[in-house]
Each structure stands twice: as C-alpha cells, then as structure tokens.
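First, the structure itself, so that you have it in front of you.
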Amino acid sequence: EEGLVFAAASTTDVLQELRPAFTKATGHSVVLALGSSGDLARQAMAGAPADAFLSADVARMEAVQKAGLVQPGTRVDLLSNRLVVVIPLDSKRKLVGPESLKGLKRLVLADPAIVPAGVYAKAWLEKAGLWKDLAPQVVPALDVRAALAAVEAGRVDAGVVYATDAAQSKKVRVAFEVPATDAPRIVYPVAALTKGKAPEVGLSFVRFLQSEPAKAAFRRHGFVVLAPDGGESAK
Amino acid sequence: MTDDTTGLVLFTVTVAAVATLIILPPGVAAAYALARWRGPGRGLVDTVLALPLVLPPTAVGLVLLELLGRNGPLGRLLDAVGVEVVFTPGAVVLASAVMAFPLLVRSARSGFEEVDPRLVAVARTLGDSRARAFFRVTLPLAWRGVAVGALLAFSRALGEFGATVLVAGNIPGRTQTLSLAIFQYTQLGQDAQALRLAGVAALLAFVAVYATEGLTRWRGRRVRA
Amino acid sequence: MSLELSVRLPLARFALEVDVRLEGASVAVLGRSGSGKTSLLEILAGLRRGARGRVVVGGRVLLDSAAGVDMAPEARRMGYVPQDALLFPHLTAEQNVRYGARAGRPSRVEEAVALLELGPLLHRYPATLSGGEKQRVALARALATDPALLLLDEPLAALDVTLKERVLPYLLRVRDEARVPMLYVTHQLGEARVLAKEALLLEDGRVRAAGPASEVLGASARGLLASESEGEENILEGMLERPSEGGTRLRVTEGLSLWVPDAPELPPGTRAAYAVPAEDILLSMGPLSGVSARNVLAGTVVGVEGAGAGEAAATVDIAGTRWVVRLTEASVRELGVASGVRVHLAVKTAACRRLR
Amino acid sequence: MSLELSVRLPLARFALEVDVRLEGASVAVLGRSGSGKTSLLEILAGLRRGARGRVVVGGRVLLDSAAGVDMAPEARRMGYVPQDALLFPHLTAEQNVRYGARAGRPSRVEEAVALLELGPLLHRYPATLSGGEKQRVALARALATDPALLLLDEPLAALDVTLKERVLPYLLRVRDEARVPMLYVTHQLGEARVLAKEALLLEDGRVRAAGPASEVLGASARGLLASESEGEENILEGMLERPSEGGTRLRVTEGLSLWVPDAPELPPGTRAAYAVPAEDILLSMGPLSGVSARNVLAGTVVGVEGAGAGEAAATVDIAGTRWVVRLTEASVRELGVASGVRVHLAVKTAACRRLR
Amino acid sequence: MTDDTTGLVLFTVTVAAVATLIILPPGVAAAYALARWRGPGRGLVDTVLALPLVLPPTAVGLVLLELLGRNGPLGRLLDAVGVEVVFTPGAVVLASAVMAFPLLVRSARSGFEEVDPRLVAVARTLGDSRARAFFRVTLPLAWRGVAVGALLAFSRALGEFGATVLVAGNIPGRTQTLSLAIFQYTQLGQDAQALRLAGVAALLAFVAVYATEGLTRWRGRRVRA
C-alpha cells in the first residue's frame, strides 16, 4: 500500500534516502510531499489526503492536531536541529560569538516573521540582547535555503541557518554554532494523520522514523535525534 | 524526488497543454466579448480576470485551496459527487489554468480588437451567421493575438509554481512538475541538478516558441506580401 | 422586384434621408463624393446598425424599425461589392470567391471566374493582387452567392476599358438572364445609362431625383454630375441586318434603319441596342449628300428648348422614334429650327455605340 | 526633368521589365489591370525592395543596383498617391494632409484643401470618410510635401465628374505653374490625353509603347485600352475671342477660328485648348449650309488610311493645321475621299471640349 | 511587517511603474526587431526572452542572485562602481522587470506585426526617415499591443513574488511589496489581513486595467468607425 507523507522541506534529503529502506522493511511505500510546514499544515487542514506529517515546528503540528487530524498517541517530537552562523567560503571575517555579529553590514535570516528557522534565530538574538542592535542589518529571506543562497552569493556578510543546511553547501563555512542552551529548542514533531487513504501506512512510517537505522540516517545529515521522552539522545 | 526526467517533462507538458486547451474556449470567448462588448461592468470583469496576474501566486493558491478545500463551497460540491481535486494532477491543471487565463484573454483580446469589423460585416452579407463569421473570419484574423495568448498561457503553465505548490502539493510522480522539481533542487542546494532541469525547461520553451512562431509566420506570410 | 426605401441614418455632416419607391430591377445610384451612396448600400445590406425606417425589397421586409424588424445581414441575400473590395486577407482569391457560394450553383462561380479573368489569380492571397484584380475578385465573390439583389459600389472604377467592356455586358446578362436585380453606384453617366433602368440621384444625403433612368440621367443630372463632354444619348434598339453590300445595319422600325459600325461577329437577327450622343448628330435644313455620315434621316422637329449656356435641344420625330439633337441657340436662330419644320439628321456610323 | 527607367522586378505571374527614357514632365501610365502600373510607381517611390536596375529622375540617381545606389524613400521626394489611398488611420484628415508638409510652404496645403473640398473633413478620422473623400485626402497629402515628382495611381477614379473637372485643371496648374512633373496612372484615355505629354503603355510588365502622348494614345492604345466609343482627338490651341455677335471663338491661326461652347467666364485673350473627337467631325465633299454645325471649315485631304474593322481615317489640312477625321471605308469609297481632294469639315460647337 | 498600507501601496506601485518604464524602451525595441527581422537566431533570442516565464520564479531569482553575487559577472561590475542592488528596492525593480519583460515583448511584438508595412512605406515617401516613421506611424498603430504588453508587465510587476523575495528579501519598509506582505500574512495564517491586502491589490489592478482601457479605447475610437 502507498501512503502520502507531508514533510518539512529541510528533511527532503534524508527522507528520500529512507524511503526505499521503509519499503524494504514494511512492504509499504510512501510518496513524499515536501514543502514549508505552514503550507503543508494548511493543505492537510484543507483536506489533503496525507497519512503522516513531519513538521519543522510545533505550532503547525498543534494546529493540525487541533483540527482533529492526528491519530491519537502517534505524535512524537522526533528531531531537533541546531542553528549555525555561516559566512562565505572566501570571507576573511573572524566571527566568534553573537557579539561579533554587530560589526556586520548585513545578516540574513529566514524571515523571522514567518519561517521557523528565522523565528528561532530571532529568539536566540533577543535572548542575547542583540536583536535591537542587529534588526536594521537583518535581511529576511524567503526561507532557510534563500538565506543560504544569499550567503553563497556573497551578497550578505553572514547568515543564520540550520546546521543541516550548512552541511549541504560547499560555498559557505560555519563560523560558529549556536549553543543548544542559548537558543530555543528546535523541535520537529511527527504524527500519523487520520484523513489519508492509508492511515496505517502513515502509522508504520512514523514508527519507522523512530527506528535505529532511521535515527542513524538523521544524524548523518546533521540532525539531532530526540529521545521518545523528548530529551536529547546522544549525538 | 524522481529523477525520471522524461516522465517529469511529459507530465509537465501534458499538464500545461491540458490547462491551455481547457482555458482556450472560455478564454477566447471572454476575449472576444471584452473586445466587442461596450457595456457597463466591463472594467469589473476585466479586473477580475487580471487578478491572478496581480496577486502573488501563493495568494491565488490559497484562495483556490479555500474554495476547493473540504470546507470550501466548491470543495463540498466536489466531495458530494466524489471528485477529488486538491493534490491530484487535476489540481496542477487547475492552478496553471487560473494563472494562465489572464494572459490568454488579454492577448487574444487585443487580437480581436485589430480585426476590421467591416470584413466581418462582409462575411455576414455572404451568408454567414454571426457564429459562422466568427469562426471563418474573426478568429482567423485575430489568430496572431490568440496564438500569442496561448503561447504566453502555455509558458506560464509550464513555469507556474506558487499557486500549484499550494493546491497540488509537490508530490513526485503525481503532482510534481518541472517547475516544482527545479524549486526542490534549488532548495536542496543541488544547483547542478536544478540547472539541468532549467535547461530542459528552456528546451521546452524553445519548442513552444518555435511552434507558435511557425504557425503565426505561416499565416502571416499569407496575409502580407 | 420592388424597392421601398424610407430610411434615416445620421452621418458625420448630415443625415442620410431617403424615401423612395422604385421598381428596382436595376437602379443606378449617383451623387457627388460623400453624398451617401455607400451608406445607402450598406443600409440595404444590413451593415449600418444606426439606420431607422423601412426597407422592403421585392416584398421582403428587411428593416422596419417601427415594427422592430431588422433582418440579419446573412438572411438578406444582398450581394455586396464594397468600394474598397474588402477581400478576406487570410484566404486565397479562390477561397474568397467561393466564400459564400451556395452548394449546387457552381456554374455561376466558374462563369464569373472566366469572365473576370480570375483564373491565374485563384491561388494568390489578396496582399499581392493589384487594385483591379481585387475589385474583380470582390465582384465574383458577390455573384457566387446567388444574391437576391446585387449592391455594386463602383465595381468597375479600377478596371481598364477592355475589362469594363467585358464586365458590363456580363452584368447585363446577370441582370436580364439570371434576373438578378442590382443597385449600382457609379460616377460614370455612361455606365449608368447602360446598366440602369432607374436612377437615384443623391445630394448631401437627400434624394435629388429618382425614377426612370432616362429622366433622371437627363438634364437634372447634368449640373450635379455630368462633364460637358457627356450628355444625353439617343438609345435605339432593333435587329441587326447584314445587307449584301457589306456593313451592318440596325433595323429600328419599319421606316428606320441605321448603318452602325461593322460587327461581323454578330449574326444577323441579333437584337442590339445602340447609343447615339445627342451632340454627335448634325441637323440640316436641307437634304444632305456627299457627306461622310452614312445615315441621313429625314424627320420633323416636334420641340425645341433651351438648355442653358447658349445651348438648345431639338426633339425630332423620325418614323415614330424620338431623337434628341443638341445644337447651339445661335444655330436655332440662324437656321430657324422650330416645331413642325422638316429637317435632316446626319448620323455617322462611328457615333453609334453598341450597348449590349 | 528627365526620366530614365531601366528596371526589373519579379512579380507573381511575370517580371516587370521596363526600359524607357522619357522627358518626364507628365507621363500617363496605362495598361490593363494587373499589367504592372502600381508596381512601377512603387519602384520609383523606393517601396519595392526587390527592384534591380537604374532609375534616374531629373539627373538624380534614385536607384543603381549595379553601383549599389538605392536612395531611401524619404530622400527621393516622390509624392505618391496610392491607389487605395492608404491614409494613416490614427490621424485626422488634416494631420494626414500635413503629415509631410514642408515648413514655409503652407500655401500649397491651403490651396489643395480648398480645391479638393476637404474643409469639412479636416477634423475627421479616415475610418468614416467616403471612398472619394479618402482619395482626395491622399492627393492633398502628397501635394503638400512639395514633391520633385508626383506619382498618381488613379487619383480620380473614385471622384464624381464635377470634382474631376475641378481637380484635373488643378493638377494641370500644379504641373505647369508649380512645374511639378507627374506620372499618372489611369484607365481613362480622356484623362490621360488631358494631363499627359507622354505616355507609357504596359502589357504584362513590359513596355508596349512609350513616347509622346499623341502617338502612344493613338491607334496602338486602342486595341489594348480604348472602348470603341473613345478614340483619337484633334487638339487645338489658341486664343479666345468674344465677337460682338455673342458666343465664344477660338482663334487657332490666322486662317482658322472655331466656334466653341460659350464660356463667358473666360476673358477674351485667354489661351485655351480644345479637343475635337475625330469621329465627331462630318466630312462633306461640297460646301455645307443650313446645318446645325456652326463651324464649317474648308481644307484639303492629305492622306487616307484604313483603320481596320471597316473604318478609315482621313487627314485634312486646314490653314496649316492637321485634322484627323474618322469615317467608314464605305464612305471613303462612295465619296471618293483621296489625297488632294478639297473637302469641308462640319464641327459642332458641342463637339469641342475645353481641356484647360 | 508594517501595517502602513498606504506606504506599501505607494512603494509597490512605484516599483512596478519604474520596472515597467525601464523595460519599455528595450522591450519595445526587442519586440519591433523580432517583428521585422527575419534572420536566423531569432528563435533563440525569442526563447531566451521567454525563459523568465517558463522557469519557476524562484529559480529565476536564484539565477539573478548568482549573477549579482560577488563573484557573478554583474556583481563584480556593480561592486566596482560601488552600486548595491541585492536586498535594496533596486532589486525589487530588477526582479519585477526581468519577470515582466517577456510579457511586454510578446504582446508588443504582435502589435507590431499587425501594422501594415505599406502605411510605413507611405510615411517614408512623405519624408520620414526610418526612425521618424517608426515613431509617427508604426508605434501609434502598434499601440494596442504595446499598451496591453505594458499592462501585463505592470500587473506582473505588481504581483511578482518568487523572484523578488529571493533577490530583494522581504524587508518591511524597504523591499516589501504588497505581494510579499500578502504572502507573509498568509504564511502567518492571518487570512483576514491577507484578504484585505488582496482587496487593495485588486483595486490597483482595477485602476491599471481602467487606465490602459481608457487609453486604448480613446485611440481605438479614432481608428475605427
């Protein structure tokens, strides 16, 4: 049987890698619909026949759950991600900590008004007491990928993106990681949904994502895998 | 994401072609009506038709999603008759069609406005009903405008992204078009792959442009010395 | 076929207001440039939406705005040949000609194509046709529809004389044999005389004169239309004879025969009509001999009237036919031309022009 | 002004191949429909890109494809009046007329507007102009540019006779007073005779005849162009006299004066030209009296030749002027018309048509 | 996000108008060249011009970003003269212009193709150089096509989202257009706000359509009875 999985765009790579493994393990197959979590949530609520939903933020999952679309007891906080500050590969700049961002002319974030990555970054900077100073320098980008592209093109001095994104690019390097303690917890919840055509495939996929081989894959791609209790499991 | 480029191209072209063909009759009719009708309310109709062009595609996508969603007025109707649109290839066609419609209408309309009404009048004296004269004189003479409109519509349908991704999702092998695939590759930072598909898109554009070109030139040569 | 026109159409400088009743078999429409001729034809064809009033052609009510009747152009069966041809640019000449052809009437098309010399043009598109070529295609296109009434807007204006001389008799045949009535706009009094039984003279949108061609195209048309070199003609119909001494004679009545230009191609017995311009006739008080005019006809003056500008017209009865002879008032005075006087008319054969 | 044309242009059914040298002051271009007249004018105007060869107008080389010369249309100063007017649809009649008007030459525009009766049309757009109105605007537009050569493609075809009679003399004035040379396409031999000093007769793209108008427009044009009712004319120039007994006379030479139609508007002493059709003259072997022809002229036959179809032409010398008289071969035989014979010619005043 | 709707509208309209005005001269020139030039390579030029229409807008945005990047060919040039484009209002103009260009060219071109070359020829005989005849005859007669093209371009510029957001960012008060604001509201789920701005966009469309309408009708009336 074939299920339809909605997943945040930032998990595209790893999920594609896991797809054949899932089929091998369960005999079921899934089709992946990838996009921004906000769009996906909205689509699910509009009646899209999704069997599982991997969201890049909690709020979207909450909304879907409130609409009564989540199979009870299937929602799990699956992954976490880390924010990193990236600079162009050829940049001579030395950035060591949040304070050093003040010297930049332009800092790109995924739009902090709407994109989770940007929301997290803004929260981090606010916590560090820097947001007021940095706000004028901040360029909001369409999404994380657009932020990364702006850095790649050398059009901004630095950007805040997910570690997973930074790992994919050969044109940027990581200046420093945002310590997990300084930033809000970034959570990717997953759940099986009810209004799909193959809810049981959704369920088995959600289970599969929590299996050891899946976890290994997530880690390889730079994700932090969260323990079933919500705590951080070893890297 | 599938790497079956052929399948992707076939799907994309089919969807764009179907969308264009679907909007052709109502688009040409609307263009003709707007070109000839001098009544009130014309500006309003005109504006409504222009909206998909002026609004951000995602907004159009959202409106479509609302309309066709489980609780939308059209969605309920479609549900009742057991037709699913959202997240099917049908949704891709629909989104492309809506986005392409204004381009077709505008262009076709300027084609109709160029037709000398006296030629149509002569056709009437030669025994043509209004409808026959339309198909035998008006339409062939407005041909260039209609063809350009169809080409613009087809191109837009080929490239449509914002509305499609909302109403149809980005489901490889089911609703993913070339445009969505390019978007996905760029999202993944796989620029080489994105570029490859962009090249394919360019090729498609080339074929479309050439075909229209050929058609209009063929007719053009006959009309002018 | 009767023609009842009572229409009003506002135009740029004046309103076209026509109120006439005609037999309608063949009507010449004349008038100065911009007097409303084309507009009138287009009202008949149903192409001028603003027209109000009543149009009845051969009993069929085409327009009656009081009764809310406005027949669609395609139902009117008017064969309209526009002044500027208006060929369909996307169709070949042949496709243009056949555009409105009725099934089962192919002969009309072939005949028109042959007579209008369209053969070599059939595969061409209008863009590369010459002015006269376009006009001929437009004429063939209208004829091919087997119309109830032909509306011809200066159809021969761009044609050379040779073509004109083939097309005119052809139109006459269409009129008389196929019995297709026609309205014919022209600036050429000659063309009008040949084709028309009636005439309609427009001036600034109003009917200046309407009725039998012979009346309308006479003196009243002159001021408005005719050049001084054109004028009245005497129209003679009769049967051709070929006397043994050679040449061709037209036998008009028992007592009147005329030498006409030799026409060996016409078999004796053919009926024919000739026009003799009133000013080409020489009037002599005494018998004439030794003159180059082969026709010297004796007759009696039945009327003389001044025609203005020092000119006069004498009407002469010859064997029951009436002839108009143009001469100067000075001649009238000097010669004493008056009713009842016996005169001789000298008519050169070259002055006799065959009409059909 | 001289005109040197040696061009070739492939057309649909044949190639236009013209190789002539003309004086060029005023040339009538004649030929059947589709014979290449319009194409020739467009080559001169520089509008047919495919044309090869040499075009020299008044010493200016407009085209010399061997030398790589192809002057731009705007540098040629050709005043082109297209057959189908081709007015600019987005401009008013007035804007059309003034389109190419040269600064400092406004009088030409005003004169043209007045004479072509364009006043009431000036603010209108071409879409609502009648056929003749369009043609007049196109003529004014070309005249307003003060052209070095006028290229007129049937400019009077859509005009009524009254207008024609105003426009023709106006064109003559443009030709003679403003000394603007012209090429004039027409199907009307009459128009050609009035306007042209030379003529060019085309047939299927080739020059059938070219040279002085009197020669070209004679017998050779007949077969191709003329209707039987049109033919040679005797052109007489002289000074007008107004004798005390009334009427108007044209004094051609010492020994030759003619009564012509009364023209009180022309002051005595005016120079004028008249045309008398050869077939409107009556030839008599003896003296004539008591006839309605006011002009009876004595002369001597200097030649007789057959003109085919039973017709003949006699050339008669009258006081040093040569007259052509048309008569039938039968008359020649019967009357014994031959060189050296004294004859009288009767010419009705009505047969004398004033040319300018 | 600013809620200063007036500022947003003003900015959006200004940007769209500037983009349209900027592409007008080269667009009209390209359209004319394509309409008249019958040489080889035409199809290629044609296709390149069609690309922004056929590719997903975000892909176009990425390409622009690459070009304008510090190592991109254009970026280096602009850097050298000290001009910054990316993430400035200039980038909004640029992205809109690129996306709108093909619409202008296609439509204007079909306008030029409808112009009777014989009328232009007559203008030449009346003393006009090629250039003068273009401005006095060809352009006024191709007017409808050019106007429709400009309207389509302007509408597209008003609504452009995908390319703009990449090259210009979504900086409230600096690069945020109506379209980007609508997108933002929809992403936030604030549909009422999004709808309000969509209404404003519709109003803009209405004005644009009406203005063009008025212009073409005004000229149209003069040309046809």
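A, B, C, D and E are the chain letters, set down in written order, and residue numbers restart from 1 in every chain.
Here is the rule we go by: a residue touches a chain if its C-beta (ideal position, glycine included) is under 8 Å from a C-beta of that chain, and two chains touch if they have at least 3 such contacts.
These numbers come from a predicted model, not from an experiment.
Participant: For subunit C and subunit E, what is the smallest step count along a path of chains that touch one another?
Facilitator: Step count on the best path from subunit C to subunit E: 2.
Participant: Going by the contact rule set out at the top, which chains touch both subunit B and subunit E?
Facilitator: Chains touching both subunit B and subunit E: A.
Participant: Starting from the mean Cα coordinates of subunit B and subunit C, work out the distance between those two points in Å.
Facilitator: About 57 Å separates the centre of subunit B from that of subunit C.
Participant: Distance-wise, how many Å sit between the C-alpha centres of subunit B and subunit D, to the nearest whole number?
Facilitator: 60
Participant: With chain centres taken as the means of their Cα atoms, state the distance from subunit A to subunit B in Å.
Facilitator: Each chain reduced to its C-alpha mean, subunit A and subunit B end up 35 Å apart.
Participant: What positions in subunit D touch 2 or more of the other chains?
Facilitator: As it turns out, subunit D has residues touching two or more other chains at 128.
Participant: At which residue positions does subunit B touch at least two other chains?
Facilitator: 62, 116, 186, 224-225
Participant: Considering subunit A alone, which of its residues make contact with at least two other chains?
Facilitator: Correct list: 39, 42, 149.
Participant: Return all touching chain pairs.
Facilitator: A-B, A-E, B-C, B-E, C-D, D-E
Participant: Which residues of subunit C touch subunit D in their complex?
Facilitator: 11-13, 30-34, 37-38, 83-84, 120-121, 124, 128-133, 136, 153-154, 157-165, 187, 189-190, 224-231, 245-247, 259, 261-262, 279-280, 282-286, 288-294, 309-311, 325-328, 330-331, 335, 337, 346, 348-351, 353-354
Participant: Which residues of subunit A touch subunit B in the complex?
Facilitator: Its residues touching subunit B are 4, 6, 9, 12-13, 16, 31-35, 39, 42-43, 45-49, 143, 145, 148-149, 165, 168-169.
Participant: Report the residues of subunit E in contact with subunit A in the complex, numbered from low to high.
Facilitator: 1, 58, 61-62, 65-66, 68-72, 75, 86-87, 165-166, 169-171, 184, 187-189
Participant: How about subunit E: which of its residues touch subunit D in the complex?
Facilitator: It comes out as residues 116, 118-119, 121-130, 132-133, 136-137, 140-141, 143, 219, 222-225.
Participant: Can you list the subunit D residues touching subunit E in their complex?
Facilitator: 42, 45-47, 72-74, 76-80, 82, 86, 88-90, 99-100, 102, 125, 127-128, 141-142, 145
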